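What follows is chain A paired twice: with chain B in the first complex and chain C in the second.
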Partner chain A sequence: MIDTSPEVPVKGMTLTQRLEPYVSFIGPMAMIIAILLFMAIVEPARYFRTSNLNQILLDAALYMPMAMAMTFVITQRGIDLSIGSVAALSGICMAFLMKQYGFSAPIAVAIALILGALMGLVNGLVITRLKVPDLIGTLAMDLVYRGIALVIAKGLVLARFPELITEIGRGQSLVYLPTPVIIGLVTMIVGYLVLTRTHFGRYTIAIGSNPEASTMTGIDVDRHKVYAYVFMGTMAALAGVMLTGKLNAIQATSAPYFNLHVIAAVVVGGTSLFGGRASILGSLAGVLLLSMMINALVTLRIEFFWQSVASGAVIILSVALYTWLQKKDRDGSSGMAGILGSARLSRTYKLAGAILGALALLMTIGLIFAGNTGPSG
Partner chain B sequence: MVATATSEVVDERTEAADGVQPMIRMRGISKRFGGVVALDDVDLDAYAEEVLAIVGDNGAGKSTLIKILTGVYQPTQGSMTLDGQPFSMFSHSDAIAAGVDAVYQNLAIADHLTPAENLFLGAELSRSFLGIQWLDNRRMKKIATDTLRDRLGVQLKNMDVLTESLSGGQRQAVAIARAVRHENLRVLVMDEPTAALGPQETARTLELIKTLRQQGLAVIVISHSLDDVFEISDRIHVQRRGRCAGVVRTADTTTEEVLSLIVGAETHE
Partner chain C sequence: MKSCHVFIALATTLALQGVASAADLPLREMDGLADRDHWLPGEVNEEGALEALQAATAEVATPLANPLEEPIQIALIYPSSDTSDFWARNYLALTKRLDELEIPYEATEFASRQVEHSLQATYASQVDQDADIYDFVVFGPSELAIQGDNIEKLAKNPDLTTFVWAFHTPLKFLDPQPAGWFDFSSAYGALEICEYMLERLGNDVTYAMNRGIPGITDNQRSGDFKDCVAENGNWNAVYEHYGEYQQEGGYEGTQLIIQGYPEATVIHNANTAMAMGSVEAQRAVGKEGEIFSTGWGGTGLELDAIRNGELDATPMRMGDDVGAATAEAIKAHLEGREDELPLVFLGRITVAHDQMSLEELDSLEKEAFRFSGVGALER
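== the complex of A and B ==
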């Protein structure tokens, strides 16, 4: 128990307090390690090939910018369900600018990002000015943006883009890591700096933590909400550009489940859906976890459709875990670190064990089913 | 015995603090919400280096009175002076700029920020680097630590924890520190500062209030706890049904007398 009285000397942080900010990171890391162990036993040769690990990073990179921005949106007690359509529409517009109107690649990319920002601005204004709840507002705008993309592209698949676009999507000319991974990691670092070192980041946490107090201290809550959605839209457009480059093709129905995948990654990473609790590092871990899990399912030759079962299960389990931890939190122990160091330790471990067990069970079931489909090269 | 005291003590209020000019002088303050009269012709004086308690039943007009004082509401009628100067404001930030701030019952603290981040919420210090304003977290933490220690005598073991993990009294201290951080703060209003606290925390908060009085602030405390009021206040302003039922010097009165003023039981027509 911390004491207010002046005679208590100022002590350094204990180990558990130092660990506190990383607790959200440890959760997904534990799951990642569980997947690694499982795959090391079941399918080491194929899973741990360099080309496969590269593939995991490539898949994860696409979601990194969006997960970073979504961390801000969710921390402000918001949500953005329109990001898939924003990515598709930005990609379609960029493709048309280059293919039909002869724009150079850099300018087309810049315009795509600006379009994404504008779409985010519309989302933000719908939520703050028209007072439409974020869930409904962005869901409706998802339909609008997807519709516009279909109107523009009809059923066309636009393919074959300049080198800059494919470099952004799947190139490897910078360093050892693929270019999109570099882009994803850079956006994560920028997101971390914005969250911890700028007014916008500070107000994002304050607004999610206590909107009334934020208003009282003179923070323009609506304005900062709009900023978060503009940020989100821009990052979704960046993902649209990366997706276009990765596939070297884009169509109006691309990126259908970006929203749920990204929200899952952010929530798995420990950012609270109830606002105020943000973890950029956790979001990065969440993105990696989902990519590794999906890749594991593919490597095990489990039917594609099981992916969505697994993703859904992971979301439910993580939210349940964090809600449970936070309830414990309110019950009196100090912070999540307090729980790790408390007498309830064994129960926490049991729960974590149960989650990992469920994950393993899920994969085993998948493996059994996969036996029926038969291996294919 | 109580009844006779009532009429005498009312006259005593203007003589308090040896004829020194009051820091806050409210005169003839009325506030109507539609047809409802929340405040009716209320006078209030608060002096520097003094704790003035405002007591009264629910609906007696205590909250309305301090909301007018802190600029949240504008009075329907009446005038105010601050340190002798006519004083009117249109928002809470006007009041803060003039040197009047309040610590509310719900504390207005963001649980997911650290104490230092809460202290500077909405008024962060920053440094320009590469054309971007970066928060100066280190300097804010240092000033917050100094403010808590030097002004309030509070030392937190760890300034890097989230405010949600602090005790009620420590959160209270953070909220007070946010108000006293302003150099020109002259009047601090505290709404039920001990309502959510245990006995030990209450004792510490009362000590804090005494410290603030020593530092020359005019402290106005709203409280339901007469024990606390008698321990810390110099004078007690009793509100009843939107009117001032009397102002008494704490040293010259008893709990029974104040209670009778609150309920108005013993007044003779």
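== the complex of A and C ==
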């Protein structure tokens, strides 16, 4: 557990208080255990066989480096929506260098990672120097990077790469775990060490907790924000390399939903979108949770569109469970029961009742007067 | 079905017999072979095999020679479930033809969005590891080159017979090749509509395009059309908008074309959704009668637009051919006649246009959707 809550004496603490440092991890773990229990009942043979567990880890591995780096970005109160485009552009550049210019795979991979760092640097500078808010800045840069990838590659699919690339993306040559899983876990360990053992890690928490106070204590907030985006860009590029290896192909339109998937995993893992609280292990659990859930839905042969519904529901449940376990919201009021039972919410409940009532009324009227509707034009 | 041991042995034998080795190909050489990473249908199909399957698909069904006791298991992996009814219609045509052939079946769908290549790779792995469940897998790749390794992985599995949908250019490196490729040739459709447009509108036309998503499909539908009209009629494309196969994309692109390129007298749309968006955008400014608009596919919506005078022409696919031909191929495999099948099946394409009579359009529509039904789909 890599939670950043302050250490407090254990003696005389209630169970809840003792659990508090771990709550960010408990949310996704509770959901993971729920999925495991459910699948153990309904489809144990298929879900728990080695090849399927391998598949879950392979799917999750792609997101691990990005989730680790996104934990830093979000902890600093930032967000990076450009990671899918960074991954695609890095992958495209790497592919072109190998295919068109005959670069060796290790050099091309290294260049892709540096390009990712460069794109992260540009993101950081746009945010800190041009003072464009993170959300808008990275959204705009997402368009820029995707556009450049399309300018370079157009509709071209670049495929069939050297062994090193496919080894990074889907290799099984290591003894117990697939190569991308090892890469993903190593990035998580590196992220843990950076967060807990370096000045950058501590400054990240401090900046997210209170940027103004951090500035006053002498931390160069802007510089450390740039560092976080460079880190993010590099990890997105690594994910681009892994994706290229996984599919043994890359295209400018690849990786369209990386940002939403990674942000969801990080938030589910207990890292606060309001900054100041990070959990690398929680992010790992979040990534695993999303992969396990999608795999479970496919194993159960549930229709594709329900995957979106289920993903949203699991994210809400995980974060709600986390909030409930915390027994307080950001205003310091009591937990979920208190939030839902608050007298202040009575007007909201009335509004909800009015909306549902209006919906029911209109549905009834619509059914009574249902008939043929003529199209316009 | 997989529980029947006799059939397992039979299916395995058939699957092994059904796969074509890359070493056997090409059967004959065509122009540009060395420059391509894929075969053309004419290079890999046995003489007369395509025509025979097209004929079998168009004829009244002949039931399976030896009825099965248990249903066959089909895994169906396909993209763009969010934007197109193409897959749903193929699926209906496949299953209805299987019903007519008296082949009992159970199908499991693995759907994704068009650009979710990674998710499709996951699906392919899951079907591969569940080969003890499935007899046949029908794979509609999100992009052919990207899913090439996954097609090969499935084709290598001796417990599965793999068919590829929506592509007709077998990649040379696949070894073994899947048991069959079923598609409409977008390149052929582009040439058909090009020929028709040149004949009707003549040379030196200024036009614009609502293209789809950069990739092989758009390169054929839009790129081949562009090359053909430029080469044979000196047409000039003033603007190419990438509308991502979405109705909004077609609407937006057409608005831009009308405002920025009023000299464009033709708008070529790369799919139905964009054609419908384009028609709406023209209608919104009262230009529907002034611009010559094309669609792609000849779906019910496009034909309605042609009847209403809003769309002018479209390369029309006999939509249910792909699904029905796949059912016929399954039957051939079950009867041990897979050697009679072409490696690549192409459905029929003809140009539907606003100068046809209503009866002609109705007749084409009935033939195209003889299994999935004319009008909106009911699933």
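Heads up, the rule we're going with is that the second predicted complex is superposed on the first by the 296 of 377 C-alpha atoms of A that agree within 3 Å, B and C clash if a C-alpha of one lies under 4 Å from a C-alpha of the other, contacts with A are read in each partner's own complex, and residues count from 1 in each chain.
Basically, a residue touches a chain if its C-beta (ideal position, glycine included) is under 8 Å from a C-beta of that chain, and two chains touch if they have at least 3 such contacts.
It should be emphasised that the depicted structure is a prediction, and the values quoted were computed from it without experimental measurement.
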Tell me the contact category for A:Arg197 with respect to chain B and chain C: first, second, both or neither.
first
Mind working out whether A:Ile205 is in touch with chain B, chain C, both or neither, as first, second, both or neither?
first
For A:Met216, using the defined touch cut-off, is the partner it touches chain B, chain C, both, or neither? Pick first, second, both or neither.
first
Is A:Gly276 contacted by the first partner chain B, the second partner chain C, both or neither?
first
Mind working out whether A:Gln172 is in touch with chain B, chain C, both or neither, as first, second, both or neither?
neither
Of the residues on chain A, which ones does chain B touch that chain C also touches?
none
Report the residues of chain C in contact with chain A in the complex, numbered from low to high.
81-82, 108-112, 115-119, 121-123, 125-126, 129-130, 143-149, 173, 213-216, 218-219, 283
Can you list the chain A residues touching chain C in their complex?
46, 49, 51-52, 55, 58-59, 62, 150, 153-160, 243, 246-257, 294-295, 298-299, 301, 303-305, 377
Which bits of chain A are touching chain B when the two form their complex?
1-6, 8, 10-11, 13, 17, 20, 196-199, 202, 205-206, 208-210, 212-214, 216-219, 276-277, 329, 334-335, 338
Mind listing the chain B positions that touch chain A in their complex?
92-93, 106-113, 117, 121-124, 126, 132-135, 137, 149, 153-158, 160-162, 164-167, 169-170, 173, 201, 204
